[in-house]
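Naming follows writing order (A, B, C and D), and every chain is counted from residue 1.
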């Protein structure tokens, strides 16, 4: 397999580091009682959300989910708006209407927001893809789903419809071994989630979700195929959710050995090792990036915490479009 | 492949003939303006509904659908009750509450009734199977779905849950080439509906749905496997819906050649040819059975038409169980 | 369709629907129709889309698999990208199969992240035609209760077209409940071209002084029948709501304040139906004006039964409305 | 759980739910629990089923995949075969994902072919806890409008247990709406053993003479707070409905006929909510007895917003109830 261009690898690293930094800060804020509502943990998912997000062209549309902080960032959603959303402020993406990453869509960034009901973003993203066919535009739509979501009916309905429409559509399963507390073997009788596609005549493959290069390459290929009229692809990216489902969840149900195995393969550290061993960057560079990300995130926190709360008088505004 | 016992083959023929006779009579009644509401056409489906129904043991539970008149008959639902239901009488299975074959369940016959929303019987039949595991009873549950229904989310959710529960559950897809007016290629991008099972880790196979022996044998094998703790099976039975979706539908959208191809393989006539060519029965016998079936159906019509209409004063009775 | 008279044509209710679809598809290339069996010469279970594929091509007339969640969700995605899909669910009863796509996703999107979802769901609703519990439902109350949707329910051919035009042009998810019993039994004058009936405005279908009947869909016809039978002794004002969300409370309130008496009617199950909202609202806003209790007439708290005597017992009609009016006026 | 006093124990609302589940599972081997994440030491998103797998084994405490249609449908099949599944949907908001299984299949089965479907869905509902539009809903109106279901909504630990027992023993599909804000914040005396609270009977939570407040769930607590604040000047009768379907119209009507004034309250969206049914019904049956318009207090016609100031503006509380009572009494 050919290596990705150096610049791209450096970029991928930047976004993964920013994602990790922001996620760590979210955990801190909540531990310190500065959070509002809940927040989802991202650790372990950085290579998937960043790698897939980077593989898209600017005009492509993506519907990221609750573990895709990296994708929102890559696609141009600022840490300030995201942080303000997590803290329920008027300056957040949803102006306090929706919580954490829920609803963090922005059509000007070609980002579609999600709802809790999983995986209801999937047909919506498919519809975006179908509209590109309708308008003969060379664009692609992508969304993510979890292993748990791959059991849900709407996942299958969407793959079937995507196949029959030959829609320019890519779906990335983030197989993180668990749906909340439920391990894979209590969810399904298959080992290989890429087979979810076979009942619908959709091509699929499994990739290492902790290897950002592999994620990028496979999504890029699927996106290219879709853009060329080759129809939908399902990609299973295997990883491990390294923290609880959300901030309040200690995840005591996860065996320690499993975490130990996977922590040896932390996607961010793996990529940093790659970069240094290939001589692309040195440790000083990595430290500088980490420092820069901390500044960005600190700024986002300060922005969010000093932002206004939404005006209660506006509570009924915006239910309907004009 | 070994032949089925002669008696069984003769029985299979009887039920198919009765099904055909009743279906023909339903068509007549409606053409004559004696019908109430609508009625679904059964022609082409007799080998599947009868063959699968006969492959079950008395204690097994089945949820037949709208093209499974044969299965209701095999399982002991009388032509009188069924005909009265079609005509909305107080003596019908649903006492006038539900239409045609809808809701024709009877727990004393181990029959589960269906609703229009397809295929919502599938998880219900699965639940029956799960209750057999719960109670350690050597029983099996079976249901039917259409090709159209195999696109629906609840079909996939049910297969997935059946697999993970290793439930004693058998699903028969009646692939009749159409969902109402929509041909297979507008519904899905696969040719072989048995692959619907593969994304869930469920075993499957495709059989000739116009060969009642093959249907019987394959369902019997799946039921046996399920009873022995081998888990669920999906069987695709291929056939053709030889008339419209329901009585009002002229099915002009079906190419004549397709009908011609399939009418050469009428499941009832095929089986009659087999019986006579194997010397099991002669033409006189076939005529006698046809005559007997006509008598039974005529009696059912007379019973139904002379039955009382439901008393409007009872309209609110039975919404709740005591 | 027949006779053109100064800019109107006589059409059945369902012809008016087709005319509305055709009008919008001609006007706006972003409008498309999608649903089960709607394409080709077949043109849908009720033939409302017949002829559209021939005129507009298969790209704009999309036959879908039987997967309501997927195709309604897909319509949401298309809407977000700027298209205006008009979805046909084969019967209103099957709208529950796509429920999450509607009440959770589409209904909340603009409130949450300010993205408009401009689709229409056409839902052939209503009973009285011996179709049993799953082809006769009137599920509008679920959607009226849900924030973020609009809900319309035309009672005449003119509004069947006019409200469809307005719904398609609206930038929000609109559920359009058609009344199957009106499809071919009700004819009326329909304006040619693109005269939309504004969403949110009720219509006085008949003026009267003794009592106001507030209703929609096929029950407007039943109410007018009842009013005919009671005239001239009792003059009945009949309000055709046209839109169920947002409700035109002003028109309703003004009429009831004038007559002092109200009967609220719908074919949907009466219990916790849309009529309850109307009656409760009037009770609160027009307490001083009421000379009699507000009477509600609606379907029983029972699945719609199939057999004719049962369905007739279940379903309100002109007779029930007449009785309710008499009782209310005699109070 | 602490202090036993003559056959009762002090428990939180959620402890009472767990106690109810345990009581029934001990009593009846056909009772099982199923849902997402409910098994093992984990015991569900809210820990309501914690300890049950240890006591009853994995056969009777079934972790399911995230497939509400399949597992609610499966519960229907189990119910038809004689089991009594108690389903947990993780949040009441996700009940819409299994909608067809509930409103189309389970709700209609007994009416159609006389087969009982004895399941319970436990739905953790209600907001006020900064959980946003998809973890704060009160969707009871959809189900109250649907024929064939029963709906309960306990307001106290005693009823949390008592109504759960009754629901499990009932031979019909029962939706049991729990109020999340009450889980750990409300403690009360709960009878030990198997004392069921009968379905269909409301409770006078507080006697009063000037006005009746009719409500359920967490709003009972808010109404009692409001009543405290208004006493002795205004004495408020508070009715805790307990069951939303079937409604105990007799208790409600008797109280309102006594006080002559009514305020109907729920946290669910006010528009076309259950409160509309109650107000409309009272308006019709007790017209002569009303000294003031019936006032409805409820959530706005808006998805439940996340941010604290917005959610507080959306959601009714003791202050809104107090204002509504004052207005109604002053009328």
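Quick note on the criterion: contacts are C-beta pairs under 8 Å (C-beta built on N, C-alpha and C of every residue); 3 or more make two chains touch, one makes a residue touch a chain.
Remember, it's a predicted structure, so these values are computed and weren't measured experimentally.
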Taking each chain's C-alpha mean as its centre, the one farthest from chain C | A
Centroid spacing, where centroids are CA-atom means, of chain B and chain C in whole angstrom = 36
Chain A-chain C separation of Cα centroids, rounded to whole Å = 41
Indicate the whole-number Å distance between the mean C-alpha point of chain A and the mean C-alpha point of chain B.
-> 45
Which residues belonging to chain D are in contact with no fewer than two other chains?
-> 65, 67, 69-70, 93, 96-97, 100, 104, 108, 111-112, 133-134, 147-148, 300-303, 305
List, in ascending order, every residue of chain A touching at least 2 other chains.
-> 94, 97-98, 102-103, 115-117, 151-154, 157, 160-161, 164, 186-188, 319
Make each chain a node and each touching pair an edge, then name the shape: line, ring, star, complete, other.
-> complete
Touch list for chain A against partner chain D, complex | 36-38, 88-90, 94, 96-100, 102-103, 115-118, 148-149, 151-153, 179-182, 186-188, 252-253, 309-316, 319
Spell out the part of chain B that touches chain A in their complex, as residue ranges.
-> 151-157, 160-161, 163-164, 166, 185-190, 195-202
Can you list the residues on chain D that touch chain A in the complex?
-> 36-37, 39-42, 45, 63, 65-67, 69-70, 90-91, 93-94, 96-97, 130-135, 300-303, 305-310, 312-314
Contacts from chain D onto chain C in the complex sit at residues 93, 96-97, 99-100, 103-104, 107-108, 111-112, 133-134, 141-142, 144-148, 269, 271-277, 279-281, 283-285, 287, 290, 292-296, 300-303, 305
Over in the complex, which chain B residues touch chain D? Could you list them?
-> 61, 93-94, 97-98, 102-107, 112-113, 115-117, 120, 122-132, 134-135, 141, 153-154, 157-158, 160-161, 164, 318-322
